[in-house]
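Before anything else, here is the set of structures, which you'll find just below.
Below are two complexes that have chain A in common, paired first with chain B and then with chain C.
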Partner chain A sequence: MVVVGLVGNPNVGKSVIFNNLTGAHQKVGNWPGVTVEKKEGECTHKGTKIKIVDLPGIYSLTANSIDELIARDFIIEEKPDVVVDIVDSTNLERNLYLVLQLLELGAKVVVALNMMDLAEYNGIKIDINELERRLGIRIIPTVATKKIGMKALCDAILEVARHDKEESKFAYPKDLENAFSEIAVTVKEAPELRKYNPRWLSIKLLEEDREIIEKIRKTKDAERIFKTVERVKEKLSSRYDDLIIAIADARYEFISKILKGVMVKPRKKELTLTDMLDEVFTHKYLGIPIFLVFMWTVFQFTFTVAAPFSDAIDLAFAISADFVRSTITPAWVASLIADGIISGLGFVLVFVPNIFFLFLALAILEDSGYMSRAAFIMDKLMYKLGLHGKSFIPMIMGFGCNVPAIMATRTIESEKDRLVTILVNPLMSCSARFPVYVLFGSIFFSYYVVPVIYSIYLLGIVLAILMALLFRRILATGKPSPFVMEMPPYLIPSAKSLVIHMWERGSMFLKKAGTFIVSGLLLIWVLSNIPWGADIGDTLIGALGHAIQPIFAPFGWDWRIAVALFFGFIAKEIVVGSLGILYNTGEDVTSLKAPIENAMTPLSAYALMAFVLIYTPCIATVGAIKQETGSWKWTVIAIAYELLLAYVIAFLIIAIGTFLGFG
Partner chain B sequence: MYEKINHSKYTFIYSGVLGTLYMVYGIAEMFYSIGIDLNNFLLFPFWSDPFAGFSLLVVGLVFVYPLISRKTETPEKFAYVYVGGILATILLVTHILVILANYIECYILLSEDFAGWTWWNDFNPAIPLGLLALPTMVLFYRSNVLQGSQKS
Partner chain C sequence: MKVEQIPKVVEATDNQKEARIPLSFCREGDVCTILGFEQRVGRRFIQKLTSMGLVPGVEILVVRNNFPGPLIVEVKSTRIVLGHGMANRILVSSKR
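== the complex of A and B ==
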């Protein structure tokens, strides 16, 4: 078996090539961190099995972000037989930087020169044979979206895997090469560092790579190695003001040299579609209002256009539950199935169209390339608000689900920026809370339901901004680090990729429905029927509700709402499903209208919607926070501050609303 | 590659007039959402959604921008016409989908909440204005910039 690591800059078509080779589905997105975990697949070519590991999209192999460390550590520790670097042929100068670093690491590299059709369209001509000769590695032209070059790529992988690695043709200026050699001699003597390429370690030491310095610090030869490095730096200081820049400059100089005569670009730069759209979408004053227009359209699409599909599902569940009640005995089994499973699940699945429509809309914005522009225009504002520009993408992802959104913060280099983004991300209202807004919005605000729900989302954004500013001052002082991000060309998304992306995210909701939510609702049904036949207020769940209801008394919420919020910790979708069981209204959402209208006022309903927006995230999100922060302290802080903030905001809504006469 | 200079003047004038209409209706709809009804003057029904009005206003600003911009380069000015057309089309499609969705609620699902509903209830200035903006999309389609935007 041949093991291959797939690397490349973000947005070069790496995931498309991975899909082409392995047949697995991957996200082809424009966002940093879209493949934060390594994904594997297999294919067979000419009788040989090839295992392919899709590594995160990275610009270099420095230790600036977790993604870069993941990719680098995979190559060092797991020593793949071949590393395939996917290169954007329309941007060779930048993409070849990573190729050089891979060669320095000692990897056997094959370059897939992707997007050749786009290069041709842009009038870029590349002499691939000459480029191969100058770099000393195999280069395969590909068009991943049309599956062109995949066979040739596999041929090259097998060929390179079978042969020894050739001497790299990339050399630094003589004084730097001498410096590397001097440090390499010392590094070679350390037994703990045997798995690393000594020359590569030398380069990293002169580049002051944090992670490498830490690794060496733990070795017995640390003092000796650092002394040598200091001595070498002293010698080079007369020639170079900044060694890190000098090393990077040397790489770019080499790239310029090899591309001279190999790549020809058209002289006159014509205005492209991307240039024209960016002129408007990234406009200093119009950019943000245009973004708000897109968001409003997404909400209309998600709520109003999806509504008839939701109602159709509602009707289907109502008919199913009626059928069960009329045909199954004994009564408690019929009740368990009809009122517990069907009704409870129905309450949640009725929102599947809304959620899928939301993910479809977000997929259109992502796949077209607009999302990165949105991140760009928001960066200046984000910076002023104490958030990093790269925080914008996880924040937008939070509208779908907070779990992958929190995981997407891995590409934020600064730990402080990352921590602040993780802490405020749950305030971005995820799709699981959407059913609660739809239910209470429809009951109490009818014609105004869309602006009311929109206002809840805006409230979440405003609170996220305020909390980010607060956290910046108290917990993570200092300015956010500078924001560098690539904006890929605009593309017309294909229907297939949109459906795949929509399904990948929406199916997470369905899986949750089939596991957490069904289990949670069954638990609620059991607790609400012990003892059997008793009035629901006298059951175990009634006891729980009455015990915690006084906390919510100022908001005018009864014990049923308290119980629903309590179980909402498992999954927010349970809030709606549990209300159906607790109010014992049967299987369709509309039957909840009367009891809820009697139990609350529009003001207390709005306060509830705000509370659900803000209060403690679901168990899966809490798990993600713990995983990404690596700290129980920050996880507990996240839970506690959100509970407190939710209570305060709900209280303020009630107080101000009552004062203004809405109570 | 670009529209010829002698056509651009008329394109920008059309864009300016369209943009003005969008802005007028957008502001009127925002007023309507806070209880100030200018319906008698403006023919079309409005939604009680200030964000719907805001969307119209933004599209209007995009269309009007080529007339007020200090940019001298025609291609950049055309960008505003094209993007205005894209936004207008998105709003047009969205509003038509809303009408279709509510049609399904009323006539197929026979939802009680939609008893007595007609398509005029959900009609919005974004629809006729979006139809007026369609020539800008034809212009965009015929311009060479659209070619080469490959599917992902």
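== the complex of A and C ==
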């Protein structure tokens, strides 16, 4: 078997190539110790099994973020047989920077020169044979979206895997090379470092790579190595102001030398689609209104397009529950299946179309390249909150689901910025909370349901802003960290990758529905039927509800609501589902109308919606916060502040509402 | 006429070599050459900027400058967003 690591800059079509090569044979897991997704796949080419590991999109092998560290560690520790670097052929200069670093590392590299069609369209001509010769590696032209070049890529992988690595043809200026050798001599003497390429370690030491410095600090020879590094730096200081820049400079210089005569670019740049769209979408004054229109469209799309699908699912569950009730005996089994499982699950699955369409809409925004523009136009606002534009993307994703949103914060370099973004993310109302708003909104505010639900979303955003300011104060972070981010060219997203994106995130919801939610609902059913046949208020769940109800008494919520909120801690989907069980209405959502209408006032319903917005979204989010912050302290703080804030806000709504005469 | 204009252009370029201004002061449509980073720029960010192609000596086009907000620059045919704070610390020479 040949093991291949797939690397490349962000936005080069890496995942498309990964999908092309591996098809359905994929395994998604996590990298050990971190929550960054690890994707592995397999394919068989000419009788040889090829295992492909998709590494995170990176610009360099200097480990500045978790992504870079993972990609690098995989290459230096696990030593894959071949590293395939996917390169954007419209942007060779910058992309070759990573190729050079891979060569420095001593990896066996195959380059996939992707997006060749786009390069041709832009009038860029590349002499691939000459480029192969000058770099001393195999280079395969590909068009991932049209599956062109995949076979040739596999051929090259097998061929390179069989042969020994050729010496890299890339050399730094003499004085730098001498410096590397001088450090390499001392590095070589340390037995702990024997498995690494000593020249590469020397380069990284001069580039002040934190991770490598830490690694060396742990060896017995640390003092001697650092002394040598200092001596070498001292010697070079007369020629170079800054070694990081000098080394980067040398790489870019080598790249431009290599590309001379190999790549021909049209002299006069034509106005591209990206230029034109950016003119409008990033406009100082038009940018934000356009963004708001897009967001409004996303929500409209999500809710109107999904409606007929939701109705169909609702109907299907109602019919099957009826069928079970009328055919299965004994009665308690029928009730368990019909009321406990089918109805409960039905309440949850009704929202699957909404959730999938929301993820589809978000995937379109992301894949088309618009999301990074949104980050640009919102940067000024985010700056006032002490964050920057990059924090904005996880916030938007939070409307879909807080779990992937919290994971998406890992592109934020500054730990403190990241922590603030994670802590306030649950206030972005995820799609699981939406059913609660719809249920109570349509019962109590029939005609005004849309503005009422909108106000809940806005409340979440306002609270997120206030909490972000508060957390910044607590963490005393001062100014936001520097903001640098690539803006990919606009692309018409491919249907396949949209579906994959939508499915990857949407299926998390299905998984949640299948595990947490069903078991939560079953538990509620069981508790609500012991003792069997008793009035629901006298069952175990009734006892639980009556025990915790006093906490919520000021808000005018009865014990059923208390139970629903209690189990809603597991997942917000359970709130609606459990109300179905508790009011024992079965069938569908509309049958909940009468009993709930009698149970509370519009004001206390609004307070309930706000409470559901604010308190801990679900167990999965708590898990994501724990994993991403790596700290129980901050996880507990997140849960505590959300519960407290939810209570305070619900209380304020009741108090102010009563004062204004809405009670 | 054309012949007369040439020295003027050369002179202008010479003058601008002297001018070191923060990138955030450039106007949209300006083509600038990066001269260096201010001392306050962290080491990690220099590593980040250089890996994205922002090295001294490179020519960049200012696509957008929402002063005092972020900028969009084009470098080596890629568009990059730079926060205002970051752009304040990148020193460039600018020609129009």
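The rule we apply is simple: the second predicted complex is superposed on the first by the 642 of 663 C-alpha atoms of A that agree within 3 Å, B and C clash if a C-alpha of one lies under 4 Å from a C-alpha of the other, contacts with A are read in each partner's own complex, and residues count from 1 in each chain.
Methods note: a contact is a pair of C-beta atoms (placed from the backbone, for glycine too) under 8 Å apart; a residue touches a chain by one contact, two chains touch by 3 or more.
All figures in this text were calculated on a predicted structure; none of them were measured in a lab.
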Touching partner for A:Ala307 - first (chain B), second (chain C), both, neither: first
Partner chain(s) touched by A:Phe662 [first = chain B, second = chain C, both, neither]: neither
Contacts of A:Tyr383 with chain B and chain C, given as first, second, both or neither: second
Which of chain B and chain C A:Glu208 touches, first, second, both or neither: second
Contacts of A:Trp632 with chain B and chain C, given as first, second, both or neither: neither
Partner chain in contact with A:Thr297 - chain B first, chain C second, else both or neither: first
Contacts of A:Pro489 with chain B and chain C, given as first, second, both or neither: both
Footprint overlap on chain A, comparing chain B with chain C: 275, 489
Footprint of chain B on chain A - complex, ascending: 28, 117-118, 121-122, 145, 270-273, 275-277, 279-281, 286, 289-290, 292-294, 296-297, 300-301, 304-308, 311-312, 315, 367, 446-448, 450-451, 454, 489-494, 497
In the complex with chain A, residue positions of chain C that touch it: 36-37, 41-53, 55-58, 63-64, 66, 68-70, 72, 75-86
Residue ranges of chain A touching chain C (in the complex, touch as defined): 59-60, 62, 64, 90-91, 93-94, 97, 207-210, 241-242, 244-245, 248-249, 252, 274-275, 278, 282, 284, 372, 375-377, 379-380, 383, 388-389, 413, 479-480, 482-489
Contact set on chain B toward chain A in their complex: 1-2, 33, 48-52, 54-55, 58-59, 61-62, 65, 75-76, 78-80, 82-83, 87, 90-91, 94, 97-98, 100-102, 104-105, 108-109, 111, 113, 145-146, 148-152
